[in-house]
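Quick heads-up: structures coming right below.
Each of the two complexes below includes subunit A, the first together with subunit B, the second together with subunit C.
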Partner chain A sequence: MRFLLGRLMRSGFLLVGVSLLSFLLLQLAPGDFFDEMKLDPQISPQTIAGLRTQFGLDRSLPVRYGLWLQSAARGDFGYSFAYNSPVAPLLKTRVRNTALLAGVSTLIAWLLALVIGVWSAMRAGHWDDRLCTGVMSISLALPDVLVALALLLVATRTGVFPVGGMVSTDFADLTLWQKARDIGAHMMLPVLALVFGLVPTLVRHVRSSVAEALSAPWVRAARAHGIAPGRLLLRHVLPVAANPLISLFGVSLATLLSVSLLIEIIMSWPGLGPFFLEAIMARDVYVVIGTVLLSTVFLVAGNLIADGLLFAADPRIRRS
Partner chain B sequence: MKVKPHLWIVLAVLAVLHVMLLVPGFVAPYNPTEQDRGMPFAPPTAIHFRDQNGSWHLRPFIYAVVANDDGSYAEDPRQKYFFRAFPSGAPYKLAELVPCTVHLFGVDAGGKVLLMGTDRYGRDQFSRLLYGGQVSLFAGLLAALLSLSLGAIVGTISGFYGRWVDDGLMRIAELFLALPWLYLLFAVRAFLPLSASPASTFFLVVAIIGLVGWVRPARLVRGVVLSAKEQKYVLAARGFGASDLYLLRRHIAPQTYSVLLTQATLLIPQFILAEVTLSFLGLGVAEPVPSWGNMLSSLQQYHVMVSYWWMFLPGIALAFLFLGYFTVADALQAHVQSASA
Partner chain C sequence: MYVSLLVAPSAAVAQRPQPITPAEDLLITGNDPGKYGGRVVVALRAEPKTLNPVTALDQPSREVMGRMMADLLHINALSQQAEPALAKSWKVSKDGLRYTLTLRRNLRFSDGHAMNADDVLFTFQVLLDEKINSPQRDLLTIGGKPISVQKVDDATVLFELASPYAAAERLFDSMEILPRHLLQDAYHAGTLARAWNLTTPPSQIAGMGPFRLKEYVPGQKLTLERNPYYWKMDRSRQRLPYLDELVFLFVSSEDAQVLRFEAGEADMIQRLSADNYSALQKDAVSRHFRLFDLGPSLDYNFLLFNLNSAIPKEAADIVRHQEWFRNVNFRQAVSEAVDRAAIVRLVFHGRGTALWSSVTPANKLWLDASLPHAPRSIEHAKQLLRKSGFSWNAEGALLDKSGAPVEFSILTSASNAQRSQMATLIQDDLKQLGMKVQAVPLEFKSMLDRVFQTHNYDTAIMALGGGDVDPNSQINVWMSNGGSHLWNLGETKPATDWEAQIDTLMNQQLTTLDYKRRKQLYDRVQEIAAQQLPFINLASPNVLVGARERIGNFQPAILDHYTLWNVEQLYIK
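And now, the complex of A and B:
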């Protein structure tokens, strides 16, 4: 239990650290959201100065951080200048959409990677293993941008999947079942792109850790004792190979979120990605900080899940 | 180290690619920013060996390409232009220093050969691909150099001096790892000026990528230094009164080289991709300076993506470069593993 508690504490510190780091970076930023208004002759300098005071932009950095902490405690996480609203409610739907995409993609990518990786490790050295390794190396080299654009091209040419957005225009009139199908269809392209970006790396790790477990002397001994191959794989080899893979889960989530940022923008999925880019362009600083913090929360949560799984899977950690 | 034959091929291809991208002015037939508004999105020029009379030519040639009123292009078989080696053409500076007008290839005066077609402003896509590759490649190389040096310094200090220095530095490293890397990159970009001159944006992008990516090399170097400083001959040297600086330089730093080299082959493609991603989204190197990222960004427009396949070529060039780097990285890693086993 100490292990899990320690991890939880550390995650809390990390979040505070990231928010502090963001504010330190903020200090470096030249200009702010209201700079563009200066160019507009209709808005007087007094109005702009007033707005700055109202949003606390004229205060010193520690004061602003203090104010932001207060607003975070209230559950607002700062104020968006562009949307004229607290940040948290703006982020809510976007987070849900990103989480949906990330969750489904992670699930599919891991299932695929486990199947391919285990198969490849068991057939190590055969032609199908080599073919698989070759294909994975090549797909690893394909940049995400290119994959996403190629998928879009195929989808527009053939019309198999809807392109862009998350729902059709007549979404409101659909029944619950049709709604689910509509979202599912819109998800196909971004999920495909994400899975494609993630699977090659995962397969590599699954293959190498399963191959390592398979090459251990005790596996040969178990085979000699006549334990059936299926039982050997499921009951003995996979649990041994699982350990490094569980730690990889947290890392894979980080990669997925990074790729997802780009894919969401290209495929105009209404998640954190396009929102983040828009906020950067508009210098909507509190939205930027909120998004950065949220991405950290995602990652921290992923790592906590991985720690929990490790705790359940590895008796050595439970003992300590 | 025994090098497998397929690796030699990969290394040779990588070397040729790098030379081409390092002296783009010589290989590129035209100026990458020269516009020809009458020829938007012209397709790649067809290269012929046989003319319309059926006679064969040893020297390849092209026909003049004319724009039709409906935006399509057609060949005019009355005007023939032969390829030439080392013609004199648009002036450029070799390695940014020596003024030069000689190019690797071109066609007879009056003709224009477009190996990869043109973009929306009628600029030669092949020349832009080379110049853009120079920008993207240099961004990757410089950023990798920056983050490797930073990582080596931090990792060495952290591993060698240990205790609170190590604790402090590794806590900061954890902070950097707590963010998905692209979010971190974007966040840092968000707090810096969005519009500046192309040269300063380039260095800004390089600095950001380099500063954000130091953590992984630092942690790996730290691990190597930690085990190296406990080795008997290092302890012996210390016993003979060797200074910290001597130990680091003579005994410890050389052990980190293989880790740094392997990291370099992994970081360079990652950082090239980072530059491409930033420029693709309009946060990096901006027009008129070409980069593979901002060249690909025209594909965000629907009609470009659907109609003009040659606009995808920078992405394919990128994939080849990555394949080369990853193959070398794999070979290096296998070598390091077999050497340590």
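And now, the complex of A and C:
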């Protein structure tokens, strides 16, 4: 319990630190939200000055940070200049879509990685293992952006998959089953791109940690005692190999989120990615800070879950 | 949200248009009668941020609201002239100070509530309220004083101006009439600026436009449905609009929009780049769409010299460079060295027009056609430089009077590939004069910050455009105290004689009511600008749009909104 409490406290400090840093860094970026209005010859500088006052942009940085903390405490997380609305509800609708995409991709990627990794570890040294390692190395070297663009190209040329978005325009008229299929079809390309980016790294880790466990002397002893290979693998080898993989799970959740933002932009998935990019470009500062904080929460939560799992899985950690 | 979408009941049957009653004072359109039904899907470059016409600042919001709202008088995108809309007619007093507008009778908002002069009064009260900071307020402030509005009777409204204002009827364009019954509580409570955001239920939003809000799905799309009470009918007495629904998809990049259009997921596309236009061309027949090149737009790309007097201390170099920039012969030499034809050919693949004035050929009413187009001549440019004391060293590098080499930078927006290409071409052109020019692409906001705030730049390539063709829409560019007087911002009095002269001419045209006389005055402004070259105008991109063949009455225009300006007349064949 104390272990988890300590982790939680540290995460709280991390969030405050991240918010403060985001504030300072955004302050350093030149220009503000209302600059673009200056390009419209029909809007006077007085109106722009009035708007800057209205949104509190003329106040000093500490005052603004204080006000933002207050608003964060209320659950609003600041006010978006562009949407003229509190940030939290804006994030809420989009984070669900991102979570859906990232969640499904993580699940599929891990399932694939476990199967391929364990198989490859058991075939270590054979030609098929070498082939598999080779393929994984090549796909590791391919940039995610390139993969996503290639998938898009295939989609437009063949017309098999939708080329972006999350649902079709006639979505409201579909039956429940058709709706699920529609979302599934739209998810196919972004999920493929994300899984493609994640699987090679995961496979390498799974393979090495299972291979390491397999080469331990006690495994040879167990084999000599005639324990069936399937039982040996599932009951004895996998639990031993699990530790590093559980830590990796936390990290993979966080990296997937950052890659997912990129893929979302390319594939026009209506999640946090396109929203975040637009907010940065427009200097909609509180939206940017809100999104950064949310990603930090994902990262922290991923690590907390991993810590919790480790705690449950490994008696040594429980004892310390 | 996907969960809630999954269990949502399936869409209701399309809203039928209300039968026409004789009491309604409907406008009869001249289009070919179409047939009811169907939906058109268009892509927006970004999500609309609000549905509040009073506070909307972004283009997508305006694009959507333009279909949900209507104004008293409207500028026809094809004829470029103001014409009756919610007001059936207007009268101007001889002194040009009083505008009497007669409203159409028995019209209804999209929620069925009647519209009358009180709604008009309420709208202008809101727009003119200082506390609201509505961008429209600036347009409605004439001669330093806000327009005054009075109700004469239920169908007549009188607008009074403090001083005469040329073509004041154009001011009514895009002043969307608000429903008093839905917004006055919010206004009195001081929360109007926050009203009508994207989470407001559709039943709380109503306008006089052809469509009304049906559904907004964050990050994905916004669906409008037919306003059954719309105030236009075709000549066979069918109430417009024909379409059941108009769907706006949010697709953040032009390339992604092109993909969606090509795949048939979007029915129209606008603001196409020349690259994508040619890429789409080969699929037009097989995928059943048509592309339109409408010729030059109102946008003008230009090279801007930093002539500001307030330059940051750490940028001493710029002050030295300004000695060259302030020399009109130098600016002229640059202008003559720039190969505009190459810009049109290479940047716009021929789908653009070279410019010698910031009034583009698209603006037929106001372009000074007699303006000379100085041919490109490196020789003559060199003569001009020599005349001003510049010389060349043995390596051919240009030196100023003090013997310092002429080297400066061109700022462009990194996200705009076309302008970055222009900078590279100009760099090459000016090399032939011995100038060493560096192109510096910067993130858009950082670039704006340099141009508007810190003035820390030598030259920049930018573009301005106009929502309107009238010279008044460009007045803040020309007036020396204007907020868009980019080359020297924040002048309290004109820095040069020619700027003083332009100030006088612009003020004169502002109060001149006769078109011919105004044209003469504005021609003179264009001539002075062409001689003094505060902007070196480069080229205007053509308006490139596309639409599916099955869309009837599609008539794109060079005035915004290019494709949807007549959305009420569009139908599915």
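Assorted remarks:
In this section, the second predicted complex is superposed on the first by the 319 of 320 C-alpha atoms of A that agree within 3 Å, B and C clash if a C-alpha of one lies under 4 Å from a C-alpha of the other, contacts with A are read in each partner's own complex, and residues count from 1 in each chain.
Just so we're on the same page, a residue touches a chain if its C-beta (ideal position, glycine included) is under 8 Å from a C-beta of that chain, and two chains touch if they have at least 3 such contacts.
Remember, predicted model here, so these are calculated numbers, not experimental data.
With both structures placed on the common chain, the touch criterion links A:Leu277 to subunit B and to subunit C.
In the superposition on chain A, no contact is made by A:Arg231 with either subunit B or subunit C. Of the two partner chains placed by the overlay, subunit B and subunit C both lie in contact with A:Leu152. Partner contacting the larger number of subunit A residues, of subunit B and subunit C: C.
When the two structures are aligned on the shared chain, A:Arg94 is found in touch with subunit C, with no touch to subunit B. Judged by the touch definition given at the top, the superposed model places A:Ile265 against both subunit B and subunit C.
Of the two partner chains, subunit C is the only one that A:Lys179 touches; subunit B does not reach it. Of the two partner chains, neither subunit B nor subunit C is touched by A:Arg223. When the two complexes are overlaid on their common chain A, residue A:Ala141 makes contact with subunit B while staying clear of subunit C. Contacts of A:Leu299 after superposition on the shared chain: subunit B is touched, whereas subunit C is not. When the two complexes are superposed on chain A, the residues of subunit A that touch both subunit B and subunit C are 29-31, 152, 156, 265-266, 277, 281, 283. Residue ranges of subunit A in contact with subunit C, taken from their complex: 29-32, 35-48, 50-51, 54, 82-85, 89-90, 93-94, 96-97, 100, 152, 155-156, 159, 162-169, 171-176, 179-180, 183, 265-266, 268, 270-271, 274-275, 277-278, 281-283.
The residues of subunit A lying in touch with subunit B in their complex are 14, 17-18, 21-22, 25-26, 28-31, 137-138, 140-146, 149-150, 152-153, 156-157, 254-255, 257-259, 261-262, 265-266, 276-277, 279-281, 283, 285, 288, 291-292, 295-296, 298-300.
Of all residues in subunit C, only 1-2, 5-8, 10-11, 39, 41, 46-47, 49-50, 52, 55, 57-58, 130, 133-135, 137-139, 193-194, 197-199, 215, 217-221, 247, 249-252, 256, 259-260, 262-263, 265, 415, 444-446, 448-450, 452-454, 462, 464, 466-467, 473-477, 482-484 touch subunit A in the complex they form.
Remark: subunit B residues 171, 174-175, 178-184, 186-194, 273, 276-277, 280-283, 296, 299-300, 302, 305-306, 312, 315-316, 318-320, 322-323, 326-327, 330 touch subunit A in the complex.
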